[in-house]
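See structure below.
As written, the chains take the letters A, B, C and D, and residue 1 is the first residue of each chain.
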Amino acid sequence: MTFRPLDRAGIAARIARDIPEGWFVNLGIGIPTGVSDHVPNDREVIFHSENGVIGAGPAPAPDKINPFLVNAGTQHITLRTGGSFVHHADSFAIARGGHLDLCVLGAFEVAENGDIANWARSLDEPVKQVGGAMDLAIGAKRLWVAMEHITKGHGGSRIRRVCSYPLTAKGVVRRVYTDLAVLEITPRGFGVLDMIPGMTREELQERSEAELHWT
Amino acid sequence: MTFRPLDRAGIAARIARDIPEGWFVNLGIGIPTGVSDHVPNDREVIFHSENGVIGAGPAPAPDKINPFLVNAGTQHITLRTGGSFVHHADSFAIARGGHLDLCVLGAFEVAENGDIANWARSLDEPVKQVGGAMDLAIGAKRLWVAMEHITKGHGGSRIRRVCSYPLTAKGVVRRVYTDLAVLEITPRGFGVLDMIPGMTREELQERSEAELHWT
Amino acid sequence: MIDKFVPDVAAALADIADGAVILLPGFGNGMPETLVKGLIAQGARDLTLVVNSGGRDTGPTADILASGQCRKLICSFVRADSVAGRLFAAGKLELEIVPQGTLAERLRAAGAGVQAFYTPTGADTLLAEGRETRVINGRNCLLEYPLPGDVALVDAWEADRWGNLTHRESARNFNPVMAMAAALTVVQTRHVVALGDIPPANVHTPGVFVHRVVHVPA
Amino acid sequence: MIDKFVPDVAAALADIADGAVILLPGFGNGMPETLVKGLIAQGARDLTLVVNSGGRDTGPTADILASGQCRKLICSFVRADSVAGRLFAAGKLELEIVPQGTLAERLRAAGAGVQAFYTPTGADTLLAEGRETRVINGRNCLLEYPLPGDVALVDAWEADRWGNLTHRESARNFNPVMAMAAALTVVQTRHVVALGDIPPANVHTPGVFVHRVVHVPA
């Protein structure tokens, strides 16, 4: 192998490159949370947190923590100048009503028709962790997924013809950012927008269960 | 005739007597608007106006008019200390969500099953004036109606077995305050709670198309 | 740097297309009068106007209706003796009457991604004729659909460059819900304030619902 | 004179009945911890608890669940390794999982008199199994019903004697919507302010949704 997969921060940074000024963006827990660290300060991107924060800013200095201000991961954050607060129903009105330009979620799997599975690993998983993922997945103008291309455990590909895990939503993913490539969902399935340096088409296809397309 | 019917202010005053401290109350246009004038200042009743005013107060002095503050009749009002403002959807959430202790509406007719007709005088009336009456009628904890007992024109009774005008809502009226009596809707129909001085049961029944009951 | 301010009303309204659904707030106050004048000057036709009341013989609602630009009026209240009433009687204006609370809720639904809802309001009335109803918990309910706008014309007291707004007293009325219900929300504001001047907990309409702002001093 | 303040937590919670549906706000903050302690002391049983997250091993949600007072938990998120997760695994707790936005919207619906609504959230998932769906404008939607509470326990920063409230920053979260969704809304407030001290345009939860307030200083 002559390529070096991106680490999680690298995936986040790659996503940040593609977010233009002025977008309202919600970042899911996991890799997506790191995206905001890679948006330069002079590019105004407004981060929404589903617990009612519009304009979430970076973590505070340890001596500046405000216990009344957390993000959807319950981490202490700051508020950007211009930010505001709403209650939970209004906050999800923003998410579900199509007002977010972008939502970035982590996932277990994405299918070539845009299906996403990110909430339960099996049908009989006894305890459920849905949170706000289903709301964000159906509501945002664009849904991008950030995840490793293959699973850490058994090495199977997360880029699927059909999702094997329970769905979060059907046909909603626009792009997938992995440690190996940037893919977009097209009418033909996964199109490849970008690969990491040194990766060949064959190597990327080998690591993808679904068929990839190059234009 | 040895009785003297109440005038419109008299009906409003009679209603005001029955509103206890602490109630949230919406007053419709017409006779009901006058009710607040008859609630003594030391009895705190909180008036809701469907354009987003909680705690509507009396009209301002002419030199104290605030052009940004009107009631649902678009009359200039004041705000009581403790009042607040919400937007239209939140305001109707208050009305439709069962948070008003009382709504007082004018009406053309009330039927013995609690039906109310107050928005259109005929089925083919070309232009419609619904406003917020249907929302208030279905939403308040109690709906009271304020109206003259008989119509000014043809002298027919507004106290009906069945409404002849198009309905505003079905089975929602609790009480009717007229210039002659106070009636309540019971499982048997109209029960008489009160009559003006000098009025006999026979005289009131003559002026009512529906059968009246005394307990 | 995000800056939603545009130089003038003409620039703010230039791309409103024929056939657009226009959301117009206002209830005795809080109506964006200068934007309505701008829309009359702009000249888009075949419009659907969504506004609480059809108005009288003068004022912004009467003016935009009298201009002949509107094909349809969706509102809760029309006087027979008004521009709207006469246009309707003459067959020159379609009319859809919506109870005021249902109007507000349909606008919110459009903004909040609710695809339909059941309400008891109007369910037992003429307004329900030919429409889908359902009894829920013993109450007859009417199925109502969202009412999205192509454009909302919004009035504000203060605005910052992110489009965060405040509204005065009851001039708030339909402004926040119409702002959230439209694909393009254009605001006229009395005052321009610096980012951060509106306390974060007291923004009445967050900038996420606002696309263009024009400064219209008193 | 209207005065919604009650002398102490015990008085505020005395009449909560067995079998009540309890709405509990909070999302990392904004949870009424003192009222939860009071409910544990009060001892009502067979409760249904509605809260965003099932919590961990410590904290108010874990405490009320561990007390054995709750028959059912309605929430968006439960960790397997938590009091809630273990009670569920042991068959001692019923669980209803609701997507977080649907949870907020069902609460608002209860407060706003919406009798049911259609949402795309969850419609194509396991959560839709056996439930009513409908395609609206090409989108598959799930029919959701209101989620009213018998009692909401609410956290506030400031309160006046009419029950008007403010909340701090993101501690607002579910507090206003749960306040409007319950038949009895009990508030713990950090600060007591005079009527009129909260500017009328900046009340976060109007007193119309509040029934009892207890002062719980920090």
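To be clear about the criterion, a contact is a pair of C-beta atoms (placed from the backbone, for glycine too) under 8 Å apart; a residue touches a chain by one contact, two chains touch by 3 or more.
Owing to the predicted nature of the structure, the values given are computational and were not obtained by experimental measurement.
Contact tally for B-D versus A-D: the pair with more C-beta pairs in contact is A-D. Chain centres here are Cα means. That of chain B falls 34 Å from that of chain D. Chain centres here are Cα averages; for chain B and chain C they lie 29 Å apart.
Rounded to whole angstrom, the centroid-to-centroid distance between chain A and chain B, based on C-alpha atoms, equals 54 Å.
Contact with two or more other chains is made by residues 105, 108, 112-114, 119-120, 168-169, 172, 200-201, 204 of chain C. In chain A, the residues that reach two or more other chains under the touch definition are 79, 85-86, 89, 92, 95-96, 138-139. Listed by label, the pairs of touching chains are A-C, A-D, B-C, B-D, C-D. Every residue of chain C that touches chain A in the complex is listed here, in rising order: 1-2, 108, 110-114, 160-162, 164, 180, 195-196, 198, 200-201, 203, 206-209. By the touch rule above, chain B contacts chain C in their complex via residues 49-53, 66-72, 74, 79, 85-89, 91-92, 95-96, 120, 123, 126-136, 138-139, 166-170. Across the complex, chain C meets chain D through its residues 105, 109, 112-120, 134, 136-137, 139, 141, 145, 166-169, 172, 199-202, 204. Within the complex, the chain B residues that touch chain D are 21-22, 24, 42, 44, 46, 48, 54-55, 79, 81-86, 89, 92-100, 138-139. Within the complex, the chain C residues that touch chain B are 27-30, 52, 76-80, 85, 88-89, 95, 97-102, 104-105, 107-108, 119-127, 140, 168-177, 204.
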